[in-house]
Amino acid sequence: MEKPGRWYFESLTHDLIVGSILEEIVYSGRTRYQDVQILRLSGFGLCLVLDGKTQSSELDEYIYHEALVHPALVMHHGPKLVFIGGGGEGATLREVLRHPGVEKAVMVDLDREVVEICRRYLPRHHRGAFDDPRAELVFGDARAYLADTGDTFDVIVLDLADPIEGGPAYLLYTREFYQTALARLNPGGLLVTQAGSTSPVNHTEAFTPIASTMASVFPSVLSYTVFVPAFGGPWGFVIGTTDRAVEPLSADTVDGLLRKRLVEELRFYDGITHHGMFALPTYLRAGIQAETRVATDQDPVFVV
Amino acid sequence: MEKPGRWYFESLTHDLIVGSILEEIVYSGRTRYQDVQILRLSGFGLCLVLDGKTQSSELDEYIYHEALVHPALVMHHGPKLVFIGGGGEGATLREVLRHPGVEKAVMVDLDREVVEICRRYLPRHHRGAFDDPRAELVFGDARAYLADTGDTFDVIVLDLADPIEGGPAYLLYTREFYQTALARLNPGGLLVTQAGSTSPVNHTEAFTPIASTMASVFPSVLSYTVFVPAFGGPWGFVIGTTDRAVEPLSADTVDGLLRKRLVEELRFYDGITHHGMFALPTYLRAGIQAETRVATDQDPVFVV
Amino acid sequence: MEKPGRWYFESLTHDLIVGSILEEIVYSGRTRYQDVQILRLSGFGLCLVLDGKTQSSELDEYIYHEALVHPALVMHHGPKLVFIGGGGEGATLREVLRHPGVEKAVMVDLDREVVEICRRYLPRHHRGAFDDPRAELVFGDARAYLADTGDTFDVIVLDLADPIEGGPAYLLYTREFYQTALARLNPGGLLVTQAGSTSPVNHTEAFTPIASTMASVFPSVLSYTVFVPAFGGPWGFVIGTTDRAVEPLSADTVDGLLRKRLVEELRFYDGITHHGMFALPTYLRAGIQAETRVATDQDPVFVV
Amino acid sequence: MEKPGRWYFESLTHDLIVGSILEEIVYSGRTRYQDVQILRLSGFGLCLVLDGKTQSSELDEYIYHEALVHPALVMHHGPKLVFIGGGGEGATLREVLRHPGVEKAVMVDLDREVVEICRRYLPRHHRGAFDDPRAELVFGDARAYLADTGDTFDVIVLDLADPIEGGPAYLLYTREFYQTALARLNPGGLLVTQAGSTSPVNHTEAFTPIASTMASVFPSVLSYTVFVPAFGGPWGFVIGTTDRAVEPLSADTVDGLLRKRLVEELRFYDGITHHGMFALPTYLRAGIQAETRVATDQDPVFVV
């Protein structure tokens, strides 16, 4: 350690740990579903930590949330109805609502308390997104909601906790769930999910099985990755589409679509960044290709 | 920490630290120039640590060394004479010599003891590269060597320690040094240097000043980045060229050149990976653009 | 570490560190003189930490404060006027005022802010002692106060921060200071000071020089030690007396005096405990005997 | 931490951890019974660590081993036959054999590999004690040995690992075991056992139940404590005697016996030290008095 004092440590794997200087414990408690901490970490600012895993930090949440939301929305020809599973901080909702074309965004989060805590303590995360008249906030199980609703969506964005055994989210990473979700997508629709670490040290823990499971359900699947400092490494995302043929977008096309659809420029995502994210390094392409596991309700995949 | 026991900690910044389970201290000592450790870390295997900074690990040294060497060699129309500054483990030499077209590789490392330690304890790093008849190993200051030699080179590869105040390498990151090196490049030649962390938390510490300093000397400069687990984040590289106009290589061109020039496939570097590395995220492009510092012998740039 | 999460680390020596689970940061700031933290540590409860050094914890402050105060007061034939140097938490004052025979206790602490912070956040430390009509609270330099006052005292209790270079207290551990203090003691009076760690790993850092310095000033000197969990080891105290001949008190005598003088029983200090504290292990007796340093204003002794 | 680098951490309790700078991993492996490490820790020198718990360090093993052995031997009128349970490092044997009056010392340790590792790597611990013709080294279960032997002893010294669930030693802390051991003591005989931490933070974990269990078997029981830096706190020992009436020894008597019986002076143990060790602080006396648990084979007591 650079020096003694107050530190916050988080395990990346069973033999790798990251520590940050802990400036303030803004909130620490337990909801019905999970442990919640709002910590101010030196260099990162306010962070949301659920069950001991950092979900986002003020420093770089824009990287994670822009990377999660915009590729799928840009790849859709004109998204109007968006479903968000999870997303407690409200930052995924914020990015979705940046698209003036979006008429309605339904966010279903299991944990009312977490949302309330984020709303109160993380204003720079949500920036008032919950108050947007296009936002509909529902507290409940996103899977049950999708199974029961008669509504369909253009894009489904899954901003979930990692699939931890006994945690609240692992049943939102299974084949059965993706089948339910696919059935709720309009023609031309896309689903995107956060998909865990893509570091060489643990990319086969969640990322490759999620990609493989989605590939067993969706006509076409695209994976991408971006480095998120608060997660201690590169992070993966997987897009599943209703159409078989998905043309890669050129950097210019992405930039053109962003200029056309959005009012203000984004901080992280643009055409070149898009290209960097989707050009996976060899080991990730090889890992996806070699992966044979398909997560099911009976036989889910867990992050350790 | 996941559990008590033996750990190795390394600071990424003054407020961020990474710890790994320490399996074995293979070597620990001090040479005339620096502290040297060969550690076996859980998940990483054997690591070379100089002055408390991990230089490479068995797990992922192929990522770092392939990313350092091959882009510049591929961008050159047919490199025959290569100069390596630093590169104690011999893995940079190994990658350079993978190109059968290379007729001679001169490696100049300051620290004979480090090279001998690596040669003895890190056989999976060098894999016999030092014994290749095309390799010429010189112990001395790479800057003085380039200043004094009458030889010129097609590619110069700088595999140096970070520019630490009082360390052995900071004068190999200054404008004066790059001027010396440029003068030793043949027409069409390129220089590539490792360039420090490209993480949002500290990319302006070394990476953007190095890019800016090189841009003050070389007709054209290209930066790229890759995630290296053993460094705890994404790492930067900068290429300077003798020609003003450098055409970007398509993925297919890269793959074609690799097939034509190399005997065996690489583990990390290929056309798509090349594209991912050179498509810098927004914050790095913005950081490079905003950078005004130029490191000079009188006013060098240091990593903390 | 037992597990990742929030930890508070404190150095005992340059190569030894202790970590506790950090439950709450009750206060963190900087006064004119020092860094102040009130931390709630698992197992220890609320702790006062000055300049990165734990001063006392709810768990065991009674051990430290009873051990600091009562031996000297019991060894005096009937203390009425007591001077306290330092003692910000108010717990030393609390223990002094337990003696109904004490008519006046003057507490001089340099740092008004620390006292106010303790008064607000550490009620279980002071337990209202500041409101006792016999207490006189002065903010200022204890050394200057003793030099300037015309008053004399029966017992002087020094509850100071360790002698850290650049810290607020190191000039209250020098020969010149002890001469000043001795001059303010009534006949039969005693001075007691906290005297740093008595662990075999660092007992010669502060403890033996303090004992040796006091022995150069006081007619008679007695040292004792007690284990304080929050300090991570055994802690030392030194008593200096105005009389040359100090008879050791039997356990029964101590118990008898406590019964006679105090209204309620103490939690830690009694006759047997007194005996244990004053029966120094061999290495401490040998260390005191071998110590030749005498701390002076010109050549003080510092804890690293 | 004072600085990054190589550290060895050990848990004292579930929320308290101690870290030392790790200089060398001399040995690391697993025997049939337990994990074994010989570590060189800065400040402590060579340490034996079994199942993640430091057993002794070069710095202070003399404190632990002298405190374990000599009080019981001095309290006996003239010990000739001594039994040692455990004691892998050979340092307990070394201390026992310092008494020229001892004619035979039988040491029964479960783990032949640990003894061989200590014999090889810890010569400053055993100092050749294993080669003393009076030493008889047996590999096996000390409890079974005592149950089966026809021999009887003057003093039984138990230098065992803490009673950890699933560990090799917890059945040597139960009432049934003490009954077996008592039956193997000659008239006037004593048994002494190491008895775990006596820190206020965890003295009721092992120390008070061991004292209470021994009190349910032995006619008289005496407890004492000493600070051992390598254990991160004060450590307890309990003596059980075959005689009901045990007179406390004065410091002068202890010093006289040591002078008479031993050839050379001890480093730690003498009359005053003896007094300090047996004068337990209030909380330990209260803890022993309040303890009602008696460890049995069916219902043993475990250290967490």
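Chains here go by letter, A, B, C and D, matching the order in which they are written, and residues are numbered from 1 within each.
We take it that a contact is a pair of C-beta atoms (placed from the backbone, for glycine too) under 8 Å apart; a residue touches a chain by one contact, two chains touch by 3 or more.
As the structure is a prediction and not an experimental result, all values here were calculated from the model.
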| item | value |
| --- | --- |
| Any chain in contact with subunit B as well as subunit C | A, D |
| Size of the rotation, in steps of 5 degrees, that lays the CA trace of subunit A over subunit B | 180 |
| Gap in Å, rounded to a whole number, between the CA centres of subunit D and subunit C | 33 |
| Chain centre separation in whole Å, for subunit C relative to subunit A (CA means) | 54 |
| Shared-contact residues (touching 2 or more other chains) in subunit D | 1-2, 4, 7, 9, 11, 17 |
| Subunit C residues within the subunit A interface of the complex | 1, 4-11, 17, 22-25, 28, 39, 52 |
| Residue ranges of subunit A touching subunit B (in the complex, touch as defined) | 1-2, 7, 9, 11, 13-21, 41-43, 59-60, 63, 199-201, 226-227, 229, 232-234, 251, 266-270, 272-273, 275-283, 285 |
